[in-house]
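Read the structure below first, then the notes.
Per-chain residue numbering starts at 1, and chain names A, B and C are given in the order in which the chains are listed.
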Amino acid sequence: MTNRTMIGAIGVSVAAALAAAAPALAKDAVSIAVPAFLSGPAAGPFGVPARNGAEMVIDAINAGKLPAPYDSKGFAGATVNVEFVDESGGNTKQVAEYRNLIQKRNVDAVIGYISSGSCAALAPVVEELKTLTVFAVCGTPRVFEDGERQYIFRTMSHATADNVAAAHYIKDMFPAVKSYTGINQNYAWGQDSWRDFELSMKVLMPDAAQSDKVQFPKIFAGQYGSEISALSLDAAELVHSSFWDGDLEGFIFQATPRGLFKQKKVILTVGGTAAYRLGKKMPDGVILGARGPYGILVRDRKTALNEWFIKTYFDRYGTYPSGPAYQYAQAVLATKIAYDKAAAAAGGFPTQDQVIASFKGMEFESFSTTVKLALAGGHQAITENVYGITKWNADDAEPGVTDVKFYPAECVMPPDGVNSVDWITKGMPGAKC
Amino acid sequence: MALTSDRTTLGLTVGFVAVALLGVFVLPDWLLNQILVAFSRALAVVGLLVLWRTGLVSFGHALYFGLGAYTVALLGRNYGIGEVLVTLPAATLASALVGFLLGFIVRRYREIFFAMLNLAFSMVLFGILVKTEALGSTDGFNVEQPTLLGIGTDDAAVKLTALFLGVCAIGWLTAVLVHRYLGSILGSLTTAVRDNEIRVEYLGYSAAEAIHGKYVMSAALTGLGGGFMAISLGQVDPESMVNWTVSGELVFVTILSGPGSVAAPFIGSLIFELLRTYAFELVPYAWQLIVGGTLLLIIFFLPGGVWSVLSRLAGRRGVEP
Amino acid sequence: MNLLLTILVEGLGYASYLFIVSLGLTVIFGVLKILNVAHGAFYAWGAYLCAFLIGEFSTMGVSDLGTMVAIPIAALIVGLILGSAIERTIIKNLYGRDEVLIVLATFGLFLVLEDVILLVFGVDPYFAYQPTYAMPGVQIGGIHQDGYKLSMIVVSLVIGLISWAVLNRTHWGKLVTAIIYDSELAVAMGINVPRVFYTVFVAGAVLGALGGAYIAPTISVAPGFGVEVIVLSFAVVVIGGLGSIPGAAIGALLVGMLRAYAVLQWPEIELFVVYAVMAAVLIFRPEGLFAPAKARKI
């Protein structure tokens, strides 16, 4: 029998063969990983523009070509080496991949993540591995409300803002709405979005009735025939949905021939991405959000940064930038500013702790809006929020929005230290609208 | 017989001690982590191996994998229990119990029906988990920090090393015990049942009961593997713990490893894990292609799995007759 | 009343595409004794090719309704080319091997074909909404139903009738029935079994692809969407009885209705009700509700 020697020998040789560790990186370069959905239903509408936005801004940063005042080169002078990784495959896979990024590939910072599922799953792991991680898009408030975070920042508002603003917009524009229902995905994002919307409606429009058959199909289900029937049978006048990714586009394509958009008012809190991608097939009269002042809702904002962003993006990728492009670019920009600030304070290339210290509570002018890291001890950003109504612009053959209304950050996000559900339930005390 | 068995035990001991020593003193953290995950899965694969020796393949063992993982995760979330001496036995027991109950049904089936019935049961659990918000629905949830005898640590490196040593110890124990069991009379019925069930019955043993016993054992091992996986990853969700693709993955690693030895699943799992890591890094959209292609190659050209190659290599080098 | 009608229409619509897919699966199993996981890949390929062709036709100026011709074209191309290629290279070498091993081999095949889709069609989802927009809708049970769904019901009915007629009314169908009943005897009687196997496999592949092609205009065709349909169509054929055509119809109807009922009335149980029924059927009638007759071998 050879079993004994063999098992021993194999154990030793397999392990030894793989023992080579990756070399450490010099400090004239910062290596970052940017996870985004690069395959699957979320890639086209979200992952690809997100990646493009990040790529374009990183290239501009490395070349020192961002508009002033951000025209210094690199992160604190160091060239940014970026690696784009795929976010698809489920939360557990993301946790395993994140460990690989930090421990095996030794990246200095991770900037990205689209799905709330990824972020909720990663939060404890980030804290365990102690590496600066900037969440770019994901929306669940749970990331900071479930525990104190040292190494995580999020550079846009969370789901509460989208849904409080949605309720405000309904109240302002359609005060006669008497009943509402919803269709949301069956995971953190969909559940949180619906809960915040429903609670906000109870506060802002207490007379409107809520349906008892709210739909929660599985994320990436792709087929919504029966759900659309259920919504059609429902007496509610308004349908709320936080669908995003390919699910949103599939839903619009399936609901249009069923006449749902004619029969009911529909509010899509993340509808912005669909407007550009669907073009003329996007029904008119849909209430549209973009998770804040991004994409189609700020097309006409004439600031130097925004004009640079839209033009450079259009020239490079041939389409207008949608929400995710702005949001990833914003996360990259925030990280640059934090590095630069920390370097200035330290008088040399900053340590991670110094970068984190200057990141905390920062306020900066981003491409389309002002970002304040005001919540969760300076780790969670707040921005204004905005809604509009779709209207196909036949003259320019372009999608457009009308009745655009902005809501200030302090109107739609809770004050620091207050849990968002508690804040809404108590009637949103302290909101400045 | 006794001599062979002792030699294998010795070999397993040497192998696991070597891996443990290398892990603690030589290997980088990321590799330690991979071994941790690989060995967690290997525990489940040993469970499938026990069934495979009887000629049975289950396409639904993600049921027990998920049960184990969720038992650990739920004990932490709902009762704040992170003590591994509680959570891991609980994961094993929960899976064994469900395996015992379902065993009365599945033991009547063979071949494709056995495989499909298991699949159906696992999909029921999947559906329940996905649709129940209290159980975390699609997202699942984080797993409580593990403690041993009440001692926990915030230091990631210490925690990793401790878990790694834990999985090596439990892997070693499992491999030795399962090896002994397969060598025992009860265990050897396994092969006999596969070869000719009726003959086994004539010998006065009940094939159904023998299968039932093995089913419970494999459920328990798979639950233990799932529990360990939950702790190693720090996260559970239905897609990566309970969906039918997870069952497929477990069966894949079983085939990859080969039925030759209880050590095979550990090697097969590690190969699988490394393959996956490098595939994601180098060819992100060809991961399934690699897995599927490997599966086909093994079925057509290497029915004994990786183990058969290794034993052939060792044989050729003429290490000990 | 409106609710009942809606459940009926939804259930029928869902059942009809499941039936087309499951029919292919069950016929292949009945004749070749292969439970073909790669069937999900035929479905996905059919959908991708159809969505791609509809897009192409549309840019070429074909009317929205006219693009529907892409559906049969995609199904035939995928079935005839991919189906034959796979039968010739892989499946042929599996005949007579352990059933479970065959399932694993087709699982491997499925994984490979899934990634080849990514390489060929890219990672972006495809939308081929033209036919659903073009078909006029109908008011049923107080809500607006799209005509496309109703057309799907009709088509699946026609396909079911054709398959029944082919199997029961043609010489070739009788050969197939003979093989299903007892393949050894069929060989002894001089039937060219390999050729029948080949033809049946390709026909099954065409059906799988047709199911995908037909559903393509109503969904976003994105990577990985073939995964779910496999277990669903497994459930359908297991419920109905592996290898039985009426079984596939009953199974599809049952699954379709159950799901429609669940979504409309009891959303929490939507995902597992199908598998619970599958488990129950396996427990009480392991051969399925409509198992084909088995030869008694003495």
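One rule holds for everything that comes next: a contact is a pair of C-beta atoms (placed from the backbone, for glycine too) under 8 Å apart; a residue touches a chain by one contact, two chains touch by 3 or more.
Note that this is a predicted model, so its numbers are computed, not measured.
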Q. So what shape is it, when you link every pair of chains that touch: line, ring, star, complete or other?
A. complete
(Q) Between A-C and A-B, which chain pair is linked by the larger number of C-beta contacts? (A) A-B
Q. When the centre of a chain is set as the mean of its C-alpha atoms, what distance in Å lies between chain B and chain C?
A. 33
Q: Using mean C-alpha positions as chain centres, tell me how far chain A is from chain B in Å, no decimals.
A: 37
**Q.** Multi-partner residues of chain B (each touching 2 or more other chains)
**A.** 130-131, 285
Q) Which residue numbers or ranges of chain A touch two or more of the other chains? A) 38-39, 216, 218
Q) What are the residues of chain C that contact at least two other chains? A) 118, 123, 267, 270-271
Q) Where on chain C does chain B make contact in their complex? A) 35, 90, 93, 98-101, 103-105, 107-116, 118-119, 123, 227, 231, 234-235, 238, 242, 267-276, 278-279, 282-283, 286
(Q) Using the touch definition from the top, list the residues of chain A that touch chain C in their complex. (A) 38-41, 43-44, 48, 213, 215-218, 220, 222-223, 225-227, 229-230, 232-233, 246-247, 249-250, 253-254, 256-260, 263, 281
**Q.** chain C - residues contacting chain A, complex
**A.** 2-3, 6, 9-10, 13-14, 118, 123-125, 127, 129, 132-133, 135, 137, 142-146, 148-149, 215, 218-220, 222-225, 259-260, 263-264, 267, 270-271
Q: Within their complex, state which residues of chain B touch chain C.
A: 57, 59, 105, 108-109, 111-113, 115-117, 119-121, 123-128, 130-132, 244-245, 248, 251-252, 255, 285-289, 291-296, 299-300
**Q.** Interface residues, chain A side, partner chain B - complex
**A.** 1-12, 14-16, 18-19, 21-22, 38-39, 85-86, 89-93, 95-97, 99-100, 103-105, 116-117, 120-121, 123-125, 128-130, 185-188, 191, 216, 218-219
